[in-house]
Each structure stands twice: as structure tokens, then as C-alpha cells.
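In the two assemblies presented below, chain A is common to both, partnered first by chain B and then by chain C.
Presenting the complex of A and B:
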């Protein structure tokens, strides 16, 4: 199996995205505003206190910029499969001599690289000059942060993958995707740092994949975890990737037999 | 007049039928909009379980502040979906059909389509939040306050309606205004759920004088709740209906002016 066609797809998406300059400026503004609003909220919440439960304001700031920044990088295309089912082009997809899932990953990775350069970096630079961001705990932690962030992307991608596969049966899954994204936004720690989640909810969250997406990398970056804990948490990330992927793959296999092409 | 009312009810019936053609899907979509819009307040709810208050606003007061935003949008979108999607109407050339019909243009645009999912999602959320908070924030629902509330809602609807009408009119001149709407309306709306006193001065000025969301919820909530973070003159609390009416009239005149320059995009 050659990687060349997949690299070509990744590159194609990257170039495609660069064509829409105005869209990109809007995207940067939107990400920065989102961050800025939560920063202002937490500034008001902190008031004059310097730390709450051992968490300082700069740590909160760093959590927001990293998790929202990673969110801007990841953004998997939730409509990759559904849109191809809607317009019938899924039929020709199956005729191509390359793996559909491979292409899906390739396009998402191309997209993520574009977002890394033209969403995350501009926002990070703006944040560095305006509100300040904590430096990583150590170079080793920075490297582990990157590793864990890649795994976090894996978790987010497999969730999106599994949800998309339901389109074989439900056809229109806009509602399902929207509800999935609400769950991720609320429970992954990008809008409420998970340190401040109510205790009862944290207990439940331990059995869900959401904290693996952003919060684990952030904790590593801030140096909150020992080496053993990091290994454990990254192991959990990997486990979620495998479990959710296998679940999605079952749907993918069954779905192909069930496929209804409308028009096309 | 009777004829107009009949036409309105016919239009409303047909659009509702079209939107609810697939019933399960329609319920799910309204629920999804409801949850998506509720994200902000759910986040604040959890946050305030830990922090108790934000700039003196407790959780119920925050819920009340949010409720005004969603209630007004829910009502507004029943009437103004046609203006929200006006860009498409112009680009696809179907606006030409409206011109040929023997009824007012704005009348047709307003009543020909309503986004019922958005109306139910936003409006339902607004009503839910109102019911959760209205009797817990210490508002005495006297006749005066109730009347004030009704006028405020009407003002809030008109303010946002005026923004949509203005952007729709701009479509006649530039065909593509979605990005402008995104920049001015949707981005500023992200700030609108929170007391403006937590933001820096530039954002506050923007929210009062440029995209006046402050009149949709912050100032009216101040009238009813009297929080201590209010740093503006009391007059602002009474201006919502006036701001709404003036903005809407100005937008309407702009529309009347703009429509004379309409050129079909061809088909």
C-alpha cells in the first residue's frame, strides 16, 4: 500500500483551504473571541483571589488557549460521509482503488495541519502578547504534550467517525452530530476547566472519553502529572481510540451492505 | 385586512407543514438547536456551582439574562427567517417572483418562510430559562413590571429584526453579506449572554452603540434586578422599546431606498 495518494489528498485539502482568505480571517477572529470571552469571565470569577484550589489564573488562561487552540486544529469534518450519502457520490467512492477511511483520515490530517498554521498559531501569538500563556513545565513535558495531543485528536476523530457511520441508517444526522458536539464542548474541559467541574460529574466523566481529548494534554503541558500518571492517561487515550474505532468499524461494515443511494 | 390575515395564516400553515414533514427528524432538530444554544448557559451553570457568582450575578440572575436573549431571537426568527436567508433569495433570482405578485415585498418575505426549528429551539430555551429563573430572582411581577417586560421583549425583537433587515438590504448592493453577518451579529452575540460589566470598555461601547445587544438583555435585566455592577445612567434601562422602534424604522427606510436599486442576478 502506497501512501502517495493519501498525501495528495491531504495536500489538496490544505491548498483548498488556503484559497478562502476571508473565511480564514473570520475563523481566527472567531477563535480569538471565544477564548477572550472565557478569559474575561474567569477574570471576573477570580476577582482578587490569586488561586482557587491551587489553580491560578495563568493556569486557567493556559488551559483555555491550549484546549480551544487544539479544538481549532482538530475540527474533524463531521459531514465527510453524510454529505457523500446525500448526493450519492458515495457510490463512486467505493469504486476508487484506495481506502475510503484512509482518505477520510488524510483529508482530516491535511485540514488539521492547515488549522495548526493558520488558526492555532495566530491565536497563540495574539494570546502571548495580550494575556500571556504559561511556558511548558519542561521540554520533556512539551514533547509528551504533543504526543498526547495527537492521541487526543485520535479520540476526537474516532468519535466523529463512529457518529458519521450512523448516516447509513439515519441519512440525516445533523441533529446527532450537533448533540455530539455539545457533549464534547461541555464535557471536554474546553469551556469549563475540568478542575472546576462539580465533583459528582467528575466521577462520571472518568468513564467517558471526553477528558482524553483536551484535558490530558493540558495537564501534561502544565506539569500536573507524574510520569506514571502520564503513561496511564496516554494508555487510556489509546484504549478509547481502539474501542471507539472498532465500534465505528462494525457500523462501517454493516452500513456498506445497507447503503441506499438516493439518485446519484 | 381580512384578506391579509387569511394570507398570513395560509403561509404559516404551509411553512409549518413543510418544516414538520418528517416528524421525528423535526423533533430531533429542534432538540439539537435547543441543546446547542443551551451550551453557554450549561457551562455557566456548572461554573457557578463552584464560584457562586460572576460580578455579583448569581446563577438564576444569569439564567434570566440569557432567557431574554433567546426569547427575543425565537420570536424574531418566526418573522425574519426570510430576511436571514435573503441573500439566497436574491442570488437564486427567486426574489423576481415576489416582485411580480400583488402584495407588499416585505410582507411576502416575512410570511413566506419561518425557520420553525430555530424558533422552537431558541424560543423553547428562552421560555425554559424564564420559567427556571423568573420567580427566583426577586422580581415583583406587578402590572408595571409585566408591562415593562412585554415592551422590552418587543423592543429586543425589533432591534434584532432591524439588524437582519439592514443586512438583507445590503444584499441588494453586494449579493454576499454572510461574512458581515457572522462578524457583526453572531460574533457579538457570543458576548451577549453575560453582564457587559465583565468586559473591557471597547466591547461595552460596541454592545451599546454599534450592535446594541445590551438593550436586548443587559439593561432590561438591570431594571428588573437592580444589580450593583451598573455603571451607566438609569435612562438606558428605559430605552429598549425606543431603540428598537427607531432602529426598525431606519432599517425600513433603508430597505425602501435600497429596493429601488434592485437588479436581478439573472437566472
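Presenting the complex of A and C:
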């Protein structure tokens, strides 16, 4: 198997994205805006107190900039398969002598790379000069943060992948995708840091796939987890990736037999 | 063993029966009704290496569905398909690299990118070696007269230009087998002729095996010797294009311009129509009426200014076959 076709797809999406300059400027503004709104809300909540349950405002700030930044990077195209089934272009996709899943990953990676350079980094720099961001606990933790963030992306991607596969049967899965995204936004800690969730809920959330997407990398970055805990959490992330991927893959195999091509 | 083998293949679609109106829509939601639509019914045929086969039938006959099954996109509900040793829908990834498919109604090009960028992407996807790519690109753009718009984004092309670009896109990796599904749809007369000549050369020169679907019989006449006709999912003809004429094209039309006004006796099995300027038209079946006898009688007994005999064109024959099939059902 050659990687060349997949690199070509990743490159294509990267170039496509760069072509729309206005859209990119607006993208940076909207990511920053979102961050500052949440930041203001929490600043007001903190008022004069230096910490709530041992969580300081700079930690909250860092949580938001990292989880929203990661959120801006990880935006799997949830409509990749559904839109192709909807308009019938899935026919031409299936004519290519390459793995459709591989191509899906390639486009998402190309997209993520673009977002890293043109969403995350600009916003991080703006935040550094305005509100300040905590430095990583240590270089080792920074490396583990990156590892865990990549695994988090894997979790997010496999969830999107599995949900998309239902389009073979349902064709229109807009509502399903919306529910999925609400769950991820609320339960992953990107809106409400999971520190502030009720204890019982956190215990459950710790073993759900969602929390591992953003919250685990953030905790690692801040040095809140011991090495053993990190290994456990990364293990959980990996386990979810495998489980959800296998589930999605069953749907993928069955779905191809069900495939209908809309339009002449 | 033939190069392409299709044996007893059927494909059924599940279509929802929608009831009309608001109440009907509510009923659809709670009690959806499904109906089975047999798009392809028990079709079999074999195609040898290097053959060019026209594949025709009225709208909704099941042509595109068959092409999609042959391309490995759709799974048949029953029956067997084998192309060049592959089972298309089971070995899709390995198989599709060996074939080219043109869907006239669906572009395979990147909407936002210049044509040439789409080609470059395909080169990478199919891992086409540099020299093969350059040779094919040069030859095809020359033959299809594309140099004028190859740098333009696809969304700015006219339909005919886009079609030519789509044809080249399907051939850059030098496939041995090509399925054309209406590659001349919406193309003007000159464009059609260019495409036909191109397809013919591909078949005769390069020995590419092909199936050609179209609604324009002249496409077939110019490119294919063999013809398969399907109607309502069933195969109703499979044989030489010329044999079709012999079987169904038995009607002859004789037009005679007489020097003066004449009164003719009746001829058996011949219908006679009066046209202007002392012209008459004789229509008959050539297996019922001896044409030289009829001509001898006319030429021997009357003064004839001009005479002209014609056989039906292929369109008329096809029309006759389509409607005959419907009459039988």
C-alpha cells in the first residue's frame, strides 16, 4: 500500500482551505471570541476569590484555551460520508482504488494540520499576550499532552466515523450528528471544566469516551495527573478508539452492501 | 471463460411509497410503506476482450444500475459478476484500478480546482507512472481538443467541455475496460462526433474493452458492432447491430416520381400513398414483397422521372423494439 494517494488528498484539502482567506480570518476571530466569552463568564464567577475547590482562574483559562484550541483543530467533517450518499457522489468515491476510510482520515488530518497552523496557533498567541496561559508542568508533560491530544483526536474521529456510517441506512442523519456534537461539547469539558461537575458524574464521565477528548490532555498539561494515572487515561482513550472503530467498521462493512446511489 | 461474465444478475431497490398531503406525510412517518422495485431482472451476458458493446434501453430500463454493479459500486441481490477474473463488488479496491468509468450525469472532477489539478490528483490516487501520465495526457487532450480550457476550474466549464475532461479523467491510468454511461449527453453534434471518434480509436487502436450506454443510436453505430438492449430490467436483444436491421428493419419505402398523372392498380401487401407532384410512396415488408418484381412492374408500365428506395434508420427500428416490448406486457 502506498501512502501517496492519501498524502495527495491531505494536500488537496489543505490547499482548498487556504484558498478562502476571508473565511480563515473570520475563523480565527470566531474561535477567539468564543474563548473570551467563556473567559469573561468565569472571571465574573471567580470575582475576588483566588481559587474554587483548589482550581485557580489561570487553570480555568488554560483549560479553555487548550480545549477550545484542540476543538478548533479537531473538527472531523461529520458530513463526509452522509453528503456523498445524499448527492450520489459516493459512486465516484467507490471507483477509486484506495481505502475510503484511509481517504477520510487523510482529509481530516489535512484539515487538522491546517487548523493547527491557522486557528490554534494564532489564537494561542493572542491569548498569550492578553490573558496569559499557564506554562506546561514540565517538558515531559508537554510531550504526554501531545500524545494524549492525538489520542483524543482519535476518539473524536472514531465517534464521528461510527455515526456517519449510519447514513448508509438513514441517508439523512443531521439530527444524529447534532446530538452527538451536543454530547461531546457538554461532556468533554470544553464548555464546563469537568472539575466543576458533580463528583458522581465525574466518576462516570471518567470512563466515557467524551471526557478523554479534551480534558485528559488539559489535566496532563497542568500536571494534575501522576504518571500511572496518565498511562491509565491514555489506555482508556486507546481502548475507546479500538471499541468505537470496530463498531463503526461493522457498520461500514454492512453498509456497503446496503449502499444505494441516489440519482441517475 | 469470457472477459466479462454476467450470470443471472438481479438488483432490487426498496422504495418508500409516499402518501400525498399532510395527513399522508404523518402516516408515512408512523407506518412507512415500502415497495420493491426490480431494476435489473435476471440478466446474463458475456463480453470478450477487446469488444465494444452498445448497451441501450429506454429511461429507467436498468442500464446505469447494471453499470454500477459492473463497476463494483452496487452489490447485486443475486447472480454472479466476473470481470477480468475479479468479482467487482467483493474485490473493489483491487478491481477499480483496472477499469475506467464515465458517468455522463455525474462529474468525477473537483469542482473548485482547475481541470489539470484534478488530473494530477488522479495521477496520485492511481499511482500512474510519470511517463504514462504525460503520454496519456498529451494524447487525450490533443484528441479531444482540450488545451483551451485545461487550466480553468471545472465550475467554469461548459457541459461539453466538462464531459471531455471527465472522459480523460477516467482514462489517465490506462484502464483495460471502460464503462461509458451516457458520455455524449448534452453534447453538441460536433462534440459528439469528436467523442465518438475518440472512443472508436480507443477500442480499435488500444484494444480497450468497453460498454457504451447512450440514447443516441448514432453513438452506437459509430463505435460498436454488438448491441445489448434491455427494457424494464430484462435483456431483450443481444447480438450484432447489423443483425438487428435484418430482423426488425424489414420495412422498405419506395418513392417514385412519375412523369404524368397515373392511376395505379392495387399491389398485394403494399400500401401506396399519394404525394405532391405525381409522386407516390410504396411501403412494404421486404420478406413479403419481391422488390425487383414491384420495380419491374412500375418501371415497365409507366414513365418514371425519379426513383428512390430507403430502409428505416436505426432509431425507427429501436423505437419499434421498445414499443413492441411494451405491447407484449
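As a working rule, the second predicted complex is superposed on the first by the 262 of 264 C-alpha atoms of A that agree within 3 Å, B and C clash if a C-alpha of one lies under 4 Å from a C-alpha of the other, contacts with A are read in each partner's own complex, and residues count from 1 in each chain.
Keep this in mind: a residue touches a chain if its C-beta (ideal position, glycine included) is under 8 Å from a C-beta of that chain, and two chains touch if they have at least 3 such contacts.
If you're wondering where the values come from, they're calculated on a predicted model, not measured in any experiment.
J.: Just to be sure I read the superposition right, which of the two partners does A:174 touch: chain B = first, chain C = second, or both, or neither?
T.: first
J.: Check the residue A:191 against both partner chains and state whether it touches chain B (first), chain C (second), both, or neither.
T.: Only chain B; A:191 stays clear of chain C.
J.: What is the contact status of A:99 with respect to chain B (first) and chain C (second): first, second, both, or neither?
T.: In the superposition, A:99 contacts chain C only.
J.: Going by the contact rule set out at the top, does A:128 touch chain B (first), chain C (second), both, or neither?
T.: After superposing on A, A:128 lies clear of both chain B and chain C.
J.: Applying the document's definition of touch, where does A:2 land relative to chain B and chain C: first, second, both, or neither?
T.: In the superposed model, A:2 contacts chain C only, not chain B.
J.: Regarding the shared-chain residue A:44, is it in contact with chain B (first), chain C (second), both, or neither?
T.: First partner only, chain B.
J.: Which chain A residues qualify as touching chain C in the complex?
T.: For chain A paired with chain C, touching residues are 2, 4-5, 7-9, 12, 16, 19, 88-92, 94-99, 256-257, 259-261, 263-264.
J.: Per the contact definition, I'd like the list of chain A residues that touch chain B in the complex.
T.: 22-23, 26, 29-30, 33-34, 37, 40-41, 43-45, 52, 172, 174-176, 178-179, 181-182, 185-186, 191-192, 196-198, 201
J.: Give the list of chain B residues in touch with chain A in this complex.
T.: Within the complex, chain B touches chain A at residues 25, 28-29, 31-33, 35-36, 38-39, 42-43, 46-47, 49-51, 54-55, 179, 182-183, 187, 190-191, 194, 198-200.
J.: Show which residues of chain C lie in contact with chain A when the two form their complex.
T.: Contacts found on chain C: 13, 64, 68, 71-75, 92-97, 99, 101, 103, 105-106, 108, 110, 112-113, 120-121, 124-127.
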